[in-house]
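To keep things simple, chains are lettered A, B, C and D as they appear, and every chain counts its residues starting from 1.
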């Protein structure tokens, strides 16, 4: 498998705050890679930097060995990276259909492509077809998540960046969403998944990284991470409790 | 980060000298320049007073008020009407104008004070326009329509001292401006001024820090309007006539620019802004019809190169020393 | 009854001017959160451009294309010219200031407005200019006892075509959806592959272009234009924008038309002198009860 | 799961916590069936919370659980759609934030909300606003009383600034100091209102390990001053490290509460945080 996306020693600053302190990771063709970490660890920052929304202080981001530093966000989409942002961020006053159309904005002139692409999305998320003329703000949280993912798939990306797809969803829906992520991956789309729901994410991922306050502290195969006590500690603060005792 | 207390203290001493120097300059100016320029400087003073009054609302609290001339109009017409019909002396009408303008502000702003940014902005524009149009329509035959009210007296302190020429008016307005500045500097250095600035910085944080946001916003409007009313009183007695076109939307926009060109919430900034707005057209009089064109270009260039204003307010240690406090009192 | 209908028609005509201008304010505000104070003056500039093409400068457009053809030609040229002027203003007066926040942009916009207004005065002179009746046919039609001028019909038809067209672009096309998406959330819009700069260029060209066309029509309808007209119309149109809910395209149209009708009804039932007072009072009342205008979104700040 | 509904249990629990101190703590803040809706979404659902005097209580739960909404209702930014908030036995319904702070509840925000263009000292002085009273005219005229009060405000603010360790930044604009310092400044501003209850919304987010440790020490120190703390926190190291009592929230409801150890090993909590284990489920 060849490397599709590569991040090398990436540093990102918000003003004077260092949000990412030089992290490196890679996603190979066809892989599901997950980045775990608590709130504020810098997970969303990583994804926003990859899709060109944040200026890069130092380090490199490469897609197929082509550097993405300082490439404008809309060109990165054309390159085959699609980013489903945290909190879904559907365009609430637009209909479901319009949201999906915007997902394929870079190829908006190709009516045939859009039609086919939409069919593919409807296959994955049949509920969207039923709701296609509804304002997306009136959808439930789970439906909005599906719309956001469907919108991200409209451009037929090579790699899909998913930011906390399980956020605020009921357990049953989370299960469904993760199944769909697997299905998307089966279609040959690589996935970089950022999650707080560590167990779920590790159950579908090939490999994983744990991000803590801007640094990658643990990385490895998903199956190894799953049984790693350190991951649990990183999440539930076991270390501090032990120290207190 | 530069953090040197000495620098601040030096700055403070320097500023005091500057203040005294400027004050002396203002006192001797009428002896140097001709009557025409004394008049120009009088109007500079009026603009300065208006700028200071708008600065409370816009600069200190960050509320978009583009109808501020309406408050001045209320003050000016209060003076004009009460003076010409009942013969009440101008000097008594000075506080009356302030109170009527302030009361008007309280009445009209109470229901709309919760509006945000641009919505508040259009409401203040509307308010200013309502005032101007109403005055223009001569309601109950008291405002004289578009001709306005004329025959207003000069301010007089009994029969001893009458403000009746350009030089006297010059000293009169700048005395008021001077007193206003002292009052406003004191306010800036009080919990009131701090509360205003907090609201400007972050309304929700201000409310959660224990500041009654609604009350302090209204207070700013009422005080600002009151000061504008004072300006209206002086303006009316100087011109001896008030008419609606003096209080147009365009004038309100100019006041807005005074505050922003000088620097939001900065008192020296307001003076500089007022000087720019009132002196610029005079200085460029030779360019006749091009002067406003140049003026507009200057505004754009100003904002590109100094978006924070010419003399933005600086904050530091010296700010907290109350203006008239003895040196020994500090640090207790 | 007839008088009411005639007044309604008058109000609708004026209202469609307001609506066309208001669209420019609203589009720019929607995406940039900036009140383009120079917009009213761009409208006035359009009016003067039309005047040059149709009346002075040997009435080039009228001579070449005839009365109606000349009118269409003048409107198209005004649209293009003012569109370019609009984008130029964005480049020169606004773009360098975006990072500094919103307030400096207000001053810069006022500066740009003064420049255009006085530019018009320098070029065309300070006195109001008049259209002669040869350029604009003054035909009064009588439909079922209701008097309506030919010009009024023309204005209404063109305005509604323009508004319909814009409505179609903004509400029905993917490009329009992209504009609305940018207004909602610029970052996420960029993630869709939308080039924000194209959108900014478009709104600063299209808004003023509509205003320029309205300017030509206002000139022909009233037959008299002055260099200060930008402020009066601009203020009214801005009021209409807020009335409808700023940033909302259908809101701007409804706000404009409503404002025109209110103004006319006010002048009939209250008094001509107080019609503007009436309009502003209605605006304030609307905002007291609907703080973000008739069709505006409720803004809930996340804490 | 420790479900606590009566005062007896509170007393027993606090007794355990304050071994030897021989002090019985009373409930200072209590929410009773608190409900808050946004449109159709129920953000907080019949939520009961108790915060005991002199303790650090933590409210935890996954993202979107409704924790911050609870804070916003308690501090008066949102109005409750149902239920009550009782502070020292008094119903806070209909009170505005500035009135609530006067009663003694001060707060900080998830995304630090400072007065960025004011100095650090001014920020803390602003906190004293609700404890001072001089009006407009005395300020304009700078009466002796006003001068005295202003010096008092300044002195108190300086002490608070020293307490949070930011004395040397007193004249620097709040926006110019480091992120960790901004967090502390916000806490200093809240403390300057002389609160009985300090409500902190994710105080450690964005801090590094050292700063988090310092923060924990600081919080442990200030509660000795007869202060109560209610905390929302994602960093479990902080929660487990300093809390006396932990309440867990998910989807607007309380799913567990208890001593930190109890919560740490509670399967429902683990599930809310780590998700259900596939194997266990199937």
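Just so it is clear, a residue touches a chain if its C-beta (ideal position, glycine included) is under 8 Å from a C-beta of that chain, and two chains touch if they have at least 3 such contacts.
As the structure is a prediction and not an experimental result, all values here were calculated from the model.
Asks: Need the most distant chain from subunit D, centre defined as the mean of C-alpha atoms.
Replies: If we average the C-alpha coordinates per chain, C ends up farthest from subunit D.
Asks: Between B-C and A-C, which chain pair is linked by the larger number of C-beta contacts?
Replies: B-C
Asks: What whole-number Å value describes the gap between the mean CA coordinates of subunit C and subunit D?
Replies: Distance between chain centres, rounded to whole Å: 51 Å.
Asks: Determine the centre-to-centre distance between subunit B and subunit C, using the mean Cα coordinates as centres, and give it in whole Å.
Replies: Taking the mean C-alpha position of each chain, the two centres sit 33 Å apart.
Asks: With centres defined as the mean C-alpha position, give me the subunit A-subunit C separation in Å.
Replies: Inter-chain centre distance comes to 43 Å.
Asks: Give the residues of subunit A that touch two or more other chains, as numbers and ranges in rising order.
Replies: none
Asks: Check each residue of subunit B and list the ones that touch at least two other chains.
Replies: 204
Asks: Going by the touch rule set out above, which residues of subunit C reach two or more other chains?
Replies: Counting only residues that touch two or more other chains, subunit C contributes 303.
Asks: Would you mind writing out the residues of subunit B in touch with subunit D in their complex?
Replies: The touching residues are 1, 3, 5, 8, 183, 186-187, 189-195, 197-198, 201-202, 204-213, 219, 223, 315-317, 319-320, 322-325, 329, 332.
Asks: Using the touch definition up top, name the residues of subunit C that touch subunit A in the complex.
Replies: 174-175, 177-178, 180-181, 184-185, 187-196, 297
Asks: Residues of subunit A touching subunit C in their complex?
Replies: So the residues of subunit A in touch with subunit C come to 48, 51-53, 72-74, 77-78, 82-83, 85, 89, 91-94, 98, 101-103, 105-106, 108, 151, 155.
Asks: Within their complex, state which residues of subunit A touch subunit D.
Replies: That would be residues 16-17, 38-40, 141, 164, 166-168, 170-171, 174, 196-201, 203, 213, 232, 235-241, 243-244 of subunit A.
Asks: Enumerate the contact residues on subunit B facing subunit C in the complex.
Replies: Against subunit C, subunit B makes touches at 111-112, 114-116, 118-119, 121-123, 125-127, 129-130, 133-134, 136-137, 204, 249-250, 253, 256-257, 260-261, 264, 289-290, 292-293, 295-300, 302-304, 307-308.
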